[in-house]
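The first chain written gets the first letter, and so on, giving A, B and C; residue counts start at 1 in each chain.
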Amino acid sequence: MTDRPAIEIDRLDVTFAAKGRAVRAVQGVSLAVARRESFGLVGESGSGKSTILRAICGLAPVSGGAIRLGGDPLPARRGKDFSTRVQMVFQDPYASLHPRHTIDRTLSEPLAIHGIGDTDARVVRALQDVGLPAAFRFRYPHQLSGGQRQRVAIARALMLNPQILLLDEPTSALDASVQAEVLNLLTRLREERGLTFLMVSHDLAVIDHMCDRILVMQHGRAVEEIAHADLAAGRMQTDYARSLFAASADRMLS
Amino acid sequence: MSLLTVENLRVTFDTETGPVQAVRGVSFSLGRERLGIVGESGSGKTMTGRSVLRLIRPPGRIEADRMEFDGQDLMRIPETGMRALRGRRIAMVMQDPKFSLNPVMRVGEQLTEGLRRRDRLGRAEAVRKALAALEAVQIRDPERVMQAYPHELSGGMGQRVMIAMMLIPEPDLLIADEPTSALDVTVQAEVLQILDTLVRDRGMGLIFVSHDLRLVARFCDRVLVMYRGRIVEELPARELMAARHPYTRGLLNCLPRIGGARGPLPVLDRSGDWADD
Amino acid sequence: MTALTDWLTDPDPKSRAQARLGQAWLSWLRLRRNPLAMTGLVIVVALLVLAAFAPVFATHDPIAQNLGQRLLPPGTPGHWLGTDDFGRDIWSRIVHGARITLYIVALVALTAPVLGLVIGTVAGYAGGWVDTVLMRITDIFMAFPRLILALALVAVLGPGIFNAVLAIALTAWPPYARVARAETLTVRSSDYIAAVRLQGAGAARIVWGHVMPMCLPSVIIRVTLDMAGVILIAAGLGFLGLGAQPPLPEWGLMISSGRKFLFDQWWVATMPGLAIFIVSLGFNLLGDGLRDVLDPRSAGR
């Protein structure tokens, strides 16, 4: 059981029906993320990275292939059991918190859905875990900065103690110092809780800092998988991956 | 002659809990060049950009000793005059494309609306221009994107649609607020290339707001570094990576590097003198 | 007092109630800055007070006839707004009529928006055929002019205040459904809805707890703006003899009975007309002000 990959995606196809035309957003992508591993997805804008994360969550129309968690195929309706195993942090911290709910409400909602008691203590602890003062508990999102909002989003994702976190460009809307805070937070939480990450980012430096392996995507297809050591050394097979690397020259450790 | 001159710009929000000063005395001038604005979140970058278009909603108000665009006093022009400037001569790419696009209107309609109403183009001509604009920003399947609603686009596609929309009327000044934060590096390079061409060949002025210090250092001519509504440092973009100011240095230090150590990243240290007002 | 406002404006509220009251307080402060909205609020509150204490404000019995004092002009001692053709004091009738107006307004405001909100959010969130069916029904109701539809309904149900209210409510909900659906469509694909779905929330919970709060402001604004129309339609039904029945002091009915003397005794019809005008204006001004207060985009960051 333990050596089964936490996430296994096998020749996944996702097809959107848009105005009678089929949009094949993901075509035959396979990947496997081991337990406690941090896996990165990079690639062209519109190449289906977010769609893969959404497909895992049952938020995108899968038209072929299989997704398995810990070896078990996923039911078509994800259900409550799924939400205790996998959670997602969305790209835009300004759009992912309900503007009319206090932080308290946002964080206690998953507990209410799953009928978990002890709400007060859990919410306070969750805030503590992501390094927010307990005084923020009854604030509204518009009273928080981008980085603080992203922390709340991370805290919300952790409320149900999932083992897998899907991170869709978790820091692209944040400034350099807040990005560092959020990345440090994610790394710490991963160590403490043994989490598995599947993470999308455009910034190869962020990916390099966070991920053990990366998959490069283009036009809805997987182009190449690269190990962490090879990324820094610039050892790539395909032209597209090399062009990404070359365009990130300013992010290299000089 | 400079295209835009801003002297001692202040933006104040009279909130219920007292006034909040978002921009506190910003001065700069812009020629037909690429001016970068960087700084941490909440430092007033967006508000500075929006002030130029006088797009600050109440309870916010704008004050400036001088704000001139191409010889016109932006503080005095009546609202109708401003409306004629906005979009046509001064365009702004908003920070949050998903928020700025109309969620229940197809992308194509939004792109062609201005062309048809303002430039009185026929339907076919407007569609042709819109398609060309989408292609220019590297959208793969422009016909489909024209028919799509904003929520059917990826994050980066929304951003590019927004850029295309702003570039269609060929403005003289473009204010781009985080225009490429959701783009991968190669598409980003293409989009920057378009902006660059416009600045070089057509003499457009560009204000480029971004979190990405390395991108700004590479792409812009000059950089303003903002902190809590003030400009703390102004320097040539080439020298940004070697900036001296402790705040700028602090921001630079936070950045991860390919091949860097895996340990915790340094975060901004706010204990220096520069942090007190 | 300062302790209370400090408590309300505390950036770090200690409890849910404090946070909610704090938000309400900020909304109130925003409303207070808008003089027109405050005028509207004063008018609406005045209507409430007038209706609540009608017997105190009324100088006469609104129904008792006194044929010796027919059609006295305004300014007559004891009848400072004049009397009508049965010698009833117009001021007292208007004051008591405020209760009827308020009754109609309250009933319509409680039923139509709720119905519209439920239909609109469900249609918008469910999409597909549910949406198509619900919105076609809405369109059908929208296609008829409201007064005509209300007339037809009252003709079927029989005249009377309650039936008039029912008719108005049944004709008033479609615009709310439209507004709520439009708002739902913009909210539906947002990340925060995806996030609760991911936490395992069911459709009912999402619509009730997450979508409706986003639609509520625009519906509330619409309701206050529409109240003027509701009062006018109720008056119109009364005027046509299909709403409140004589001798009830309903404002529309009063205008209707006054029109016979419009040229010689203008005040009989004009006074209730003024009352309708002022109250309608009050609701409209308040609605406009609420737009600024409740619109999430104008809410300070």
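Some observations on this one:
In this section, a residue touches a chain if its C-beta (ideal position, glycine included) is under 8 Å from a C-beta of that chain, and two chains touch if they have at least 3 such contacts.
Here the structure is a predicted model, which means the values were calculated and not measured.
The chains in contact with chain A and with chain B alike are C. More C-beta pairs touch across one of A-C and B-C than the other; that pair is A-C.
Separating the CA-averaged centres of chain A and chain B is a span of 27 Å.
The distance from the centre of chain A to the centre of chain C, each centre being the mean of the chain's C-alpha atoms, comes to 47 Å.
Our note on geometry: chain B versus chain C, Cα centroid distance of 44 Å, whole angstroms. Residue positions 91-92, 95 of chain A are each in touch with at least two other chains.
Across the assembly, chain C contributes residues 11, 300 that each touch 2 or more other chains.
The touching residues of chain B, counted against chain A in their complex, run 39-42, 96, 98-99, 139-141, 144, 147-148, 152-157, 160, 178, 181-189, 211, 213-215, 217-218, 250-252, 254-260, 262, 264-268.
Those residues of chain B that touch chain C in the shared complex are 13, 15-17, 57-59, 103-104, 151. Interface residues of chain A facing chain C in the complex, by the touch rule stated above, are 54, 57, 59, 78-80, 82-83, 87-88, 90-92, 95-102, 104-105, 109-110, 113-114, 133, 135-136, 138-140, 142-143, 153, 156, 159-160. Considering their complex, residues 16, 18-19, 21, 23, 42-46, 50-51, 91-92, 94-95, 145-147, 169, 172-181, 183-184, 187-188, 202-206, 208-209, 219, 231-233, 243-244, 247-248, 250-253 of chain A touch chain B.
Within the complex, the chain C residues that touch chain A are 11-16, 18-19, 23, 190-192, 194-201, 205, 209-210, 213-214, 296, 299-301.
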